[in-house]
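Each of the next two complexes has subunit A plus one other chain: subunit B in the first, subunit C in the second.
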Partner chain A sequence: MVQPLLEVKDLTTEFVSPRGIVKAVDNLSFTIAPGETLGIVGESGSGKSATALSLLRLIAPPGRISAGTLLFEGEDLLRKSEREMRDVRGKSIAMVFQQVMTALDPVHRVGEQIMDVLRVHLRMSPQQARERAIEILGAVRMPSPEQVMRRFPHELSGGMRQRAMIAIALACRPKLLIADEITTALDVTVQAQILDLLDDIRREFNLAMLFISHDLAVIARVCDRIGVMYAGRMVEYTDKYRLFETNMHPYTNALLEAVPRRKEDELRPIAGSVPELSSLPSGCSFHPRCSRMEPSCTREAPQLREWEPDHWAACHFPRQSVPVAQPA
Partner chain B sequence: MTLARYIGGRLLQLIPVLFLVSVGVFLLVQIIPGDPVAIMLGVSPDSAGFNKDQYDTLRHELGFDQPLYERYLSWAGRIVHGDFGVSLKSRRPVADLLFERYPATIYLTIVALLVSLAIAVPIGVFAAVRQNTIFDYLGMTFSLVGLAMPGFWLALLLILLFSLKLGWFPAIGYAAPLAQPVDFLKHVAMPAIVLGTSFAAQLARYLRAETIEQLHQDYVRSARAWGLPPRTVIFKHAVRNSLISVVTVAGLHTARLLGGTPIVESIFGWPGVASLLLDSIYARDYPTVQASVLILALTYVTLNLVVDVVYHLLDPRIRLA
Partner chain C sequence: MSTMVATRPRLEQGTTALQVTELVKEFNLSGLPWPGQRKTVLRAVGGVSFDVPQGTTLGLVGESGCGKSTTARLVAKLLPATSGRVLFQGEDILAASGARMRSVRQSIQMVFQDPFSSLNPRKRVADILDRPLVLHSGLSKRQRLERSVELLETVGLNGDHMVRFSHEMSGGQCQRVAIARALAPGPALLIADEPLSALDVSIQAQILNLLVSLKSQRQFSMIFISHDLRAVEYAADEVAVMYAGRIVEQGPAVETFNDPLHPYTQMLRAAIPEANPRADRPAIRMQGEPFTPINPPPGCCFASRCALATSECHQSQPPLEVKIPGRTAACFKV
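Coming up: the complex of A and B.
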């Protein structure tokens, strides 16, 4: 087996809220191999962004990482000083956010924001940084890169801004790219262009990715492996084919059922709603919405277990070989 | 639209403002109690040495026998040509007095502004970055005290401590900045601190609030995720963005700065326009009062214009309109 690029073990991230401490990320473990893309899927509030921010140690108070190890190339990021961590951020691990409209600083030109990153991490001269920035804008297929360098963020379209964010992320040739819902705010055509771009740059840069989305169709298109999160926990974790063909967890199943099969179909949301993290149901936190609920589910929380080789699920009653494309 | 055209447009807008100010100043003097003609003569109409003929002649010379609007028009016409009349007190052309006094007020205001910034920026930014720590509380307590403390009281404290007790700074007086820079700094220090303190207190509070707000913005999170060092994240991104609204607020409060000048100039014997204004009010020297108020108003309006331009320069999202 290849040495993993990133190995997350028992990551727990808490937020202090008026209603007590909530675990936005609860005992999460996963690995990403070099060049591999792991997708994380889950409804809103399941802890996807909290996971992503935890990896870069960007959780701001009142939140904090309370337990776990984050091994990146064998080194625990949680043991690094803040100074050392800054060398990781943007250089070895880069991140692109969902907030297309607000993630770039409105008062500085796009070119300057790219160049700053290059100058800080690679100690480039302004001239070198400029050349490299133009080059990288070309690599993300930005139309007329030299002009875009001089633009302010508000002068670019959403798709172009997201390209600029990707360019900044790739500027220092990171090994891991964290993409948190990066296409959610874009319209469908632009979304497809960005996903195509990701495909290309993954190959070109031999980039590993943590690709976060609540959209299974997008996840299926981009990812090699998939983790399903519910209320801060990983409930199913396996490769893409197993997840789509022989998923085990009823929540995964419900997510798949909710995806419209034909364009005309409405999105069918899962019955019930995501529980408040401050008042999680007893036992398995999914039990109130689960079709397979048994009395034991309300008492004991299931642990993530490897039921089949490389197929993990946290369920007392995992099912296998669920037919996916069955109209209700 | 270019910046030059924008400034041109704003200058045009100043014309009606200045018109209203001049009408106000003109009328103001008409309602000041006391008869200026009698004051010039040095005798009151019901006293023994009062000479009716002499009074009427002077009244006619000064134009007080004409209708109000005609007096306004001829007064305004002269002012447009730089003729502010003759001081009733010193009998010198008011324009000469302004020419002597105005630079001192401007120097003091600029130094006070610099003092305010030097106090407000570190306190505001540091309090924001270390929000809810002892530094934050100390900084905000200081700014509350600075806001609440009357200028004259602070002035007396400073004079007691730094001139009378320690002898570091002269209590009163003035030196020209170019001719005697060291002396100038010694003289300007205390008045500038007094004038700048309450302004600084206000600025520090706004800067803190606005910087805290900006520190929560998405682009700050991006800058952190890019691995930029804290000083870049804080100054180049958060503080730089907070300046956009801080400058606007500062503009609104330049009145506070200018409003403090009469008291501060008189206490410290600073020979500026504001103390000239106070003196001429006591002396019922109405041409000087009018001219001083006019030039202070003009200064205020200009400061606001500068603030507006800076605001537009700071925010690339705003189209000049």
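Coming up: the complex of A and C.
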């Protein structure tokens, strides 16, 4: 077994709110191997983005990481000083966000924004930084990189802005890229181009990726392994084939059936709505919406357990080894 | 007393609820006239024609900026059209007076994308539902209250929600209230403009099923607008695929998506990832981005992204013509 690049153990991130302490991320564990892509899928409030921000220690008060270890290349990020963290962010672990227009600085040219990263982290001269920036823009398949260097973000189209963001993230050749809903705001034909680009750069840069999305189809297209989150917890965690073909957790199964596929197929919505983190149901958070609910589910929260080799689920009644695609 | 809603003449099945002909909307982007300034016109909708037969659903699909929402607003006369004709139940509503429109509006209702911003944050659900009933139903206060509760039950909520404000409900619940409000005057045409996009995945299916079942119970006609081909295929009988302000392909929903004719529809279809890790990667290479029709070129707007384009495509606009019985496409190469 390869030494994991990132090993997250029992991560808990909480926010102090007027209604008490809210656990946005609750006892989360996962690993990412070098060059591997882990997808995290979940609905709003499931804790996907809080997880991403926790990894870079970007949780601002009133939020805080209250427990856990974040081992990156064997070192615990939670024990690093703020100065050491600054060196990790953008250099070893980079992040790309959904809201490109707010993530890019509107008053600086794209070129300057890429060069800044290189000058700060790698102490490059302006000339070196410039050459490297143009090279990186080429690597993200930006048309005419020299011209784009002089453009302001508002002069670029949505797809080009997302490419520019990815270029900034890749500038220092990080080992891990965190992508938080990066294609959500894009049109489908542009999304398809960005997904193709991610395939290419993963190979070229031997990049590991944490890819966060609410869209199971996008996750299926991009990721090697997948974790499904619900109300701050990981409810299922395995490789992509098992997740789509022999999933165990009723929430994963319900999510797959709630997306329209073909007209003939019946659309089965999940009853109820995503719970508020400040007033979670007792026991298993999913029990009020669950088709397999038993009285014990309301009392005891199921722990994430390895039911089959490398197939983890947090459910008292997981479905084991029953193919989903072919109902009997 | 509930007569106004109940006895309004409904057209028989088989007739046309809505007939849109050569609808055009141009926005002038030039600002103040300035010496030597070129005139800049955004042709958001560039001559769109379609029919919605009574009791059917027309899906409008396309990417951002293709003119689908503008088309919806023109049809509901929330925006004045630059030219064209909209016949609603045989009446030209673009020519109708303001007073006449007020009564036509009870028959054309809209549901919008963002359920929070489409409900007044300072009004309780009871007031939100009462308003269209005050304007259009002629019912007494007591009857309106009963009707409001009935409406909430039709959309899967109940009387308890009457006292809520929009911030006290989830996105899905707000969207249900917005749908109840649209149903209140008993519309003959419901325009749903991206009603699912702001909702969580697990809630989208609830709202989609609700709209489809309400339509078959209440037999209104619907224009269902979405960028999500799968949702449109599920909800619509006919679809019109829009690109840069024009309809590029139109036909029955299932056929259009299973076997698209126009190169743009093919690209759109291929771009949708499948929830299957063993699915093949799209065979069509995607290039370019959606085109904004500012001072549009004389030829086909899709030509710059199209693998089949020849000089003919850059010079003249391909007309929307019948390619297979029941299906039309605007392309020289099909």
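Side notes on the structure shown:
Here, the second predicted complex is superposed on the first by the 312 of 328 C-alpha atoms of A that agree within 3 Å, B and C clash if a C-alpha of one lies under 4 Å from a C-alpha of the other, contacts with A are read in each partner's own complex, and residues count from 1 in each chain.
Quick note on the criterion: a contact is a pair of C-beta atoms (placed from the backbone, for glycine too) under 8 Å apart; a residue touches a chain by one contact, two chains touch by 3 or more.
Bear in mind that the values here come from a model prediction, so they are computed numbers and not experimental data.
In this superposed model built on subunit A, subunit B and subunit C occupy separate space and fit side by side. When the two structures are aligned on the shared chain, A:Leu195 is found in touch with subunit C, with no touch to subunit B. Contact with subunit C, but none with subunit B, is seen for A:Ala220 once the two complexes are overlaid on the shared chain.
Look at A:Ala33: by the touch rule set out above, it reaches neither subunit B nor subunit C.
By the touch criterion defined above, A:Ala258 lies against subunit C but remains apart from subunit B after alignment on the C-alpha atoms of chain A. In the overlay built on the shared chain, the residue A:Leu280 is in contact with neither subunit B nor subunit C.
In the superposed model, A:Leu122 lies in contact with neither subunit B nor subunit C.
By the touch criterion defined above, A:Ser157 reaches subunit C but does not reach subunit B. Seen from the C-alpha centre of subunit A, the directions to the centres of subunit B and subunit C diverge by 80°, a value given as a multiple of 10 for the model superposed on chain A. Of the two partner chains, subunit C is the only one that A:Phe244 touches; subunit B does not reach it. After overlaying the two complexes on the shared chain, residue contacts for A:Ser44 are found with subunit C alone; subunit B is out of touch. For the overlaid pair of complexes, the smallest distance between C-alpha atoms of subunit B and those of subunit C rounds to 9 Å.
The residues of subunit A lying in touch with subunit B in their complex are 56, 58, 60, 86-91, 94-95, 97, 99, 102-108, 116-117, 120-121, 152, 154, 165, 168. For subunit A in complex with subunit C, the residues that touch the partner chain are 43-44, 157-160, 187-193, 195-196, 214-218, 220-221, 240-241, 243-244, 254-256, 258-263, 267-271, 273-274, 289. On the side of subunit B, the complex with subunit A involves touching residues 217-219, 221-229, 232, 236-237, 240-241, 244, 314-317. Against subunit A, in their complex, subunit C makes its touches with residues 63-64, 170, 172-173, 200-206, 208-209, 227, 229-231, 233-234, 253-254, 267-268, 270-279, 281-282, 286-287, 289-290.
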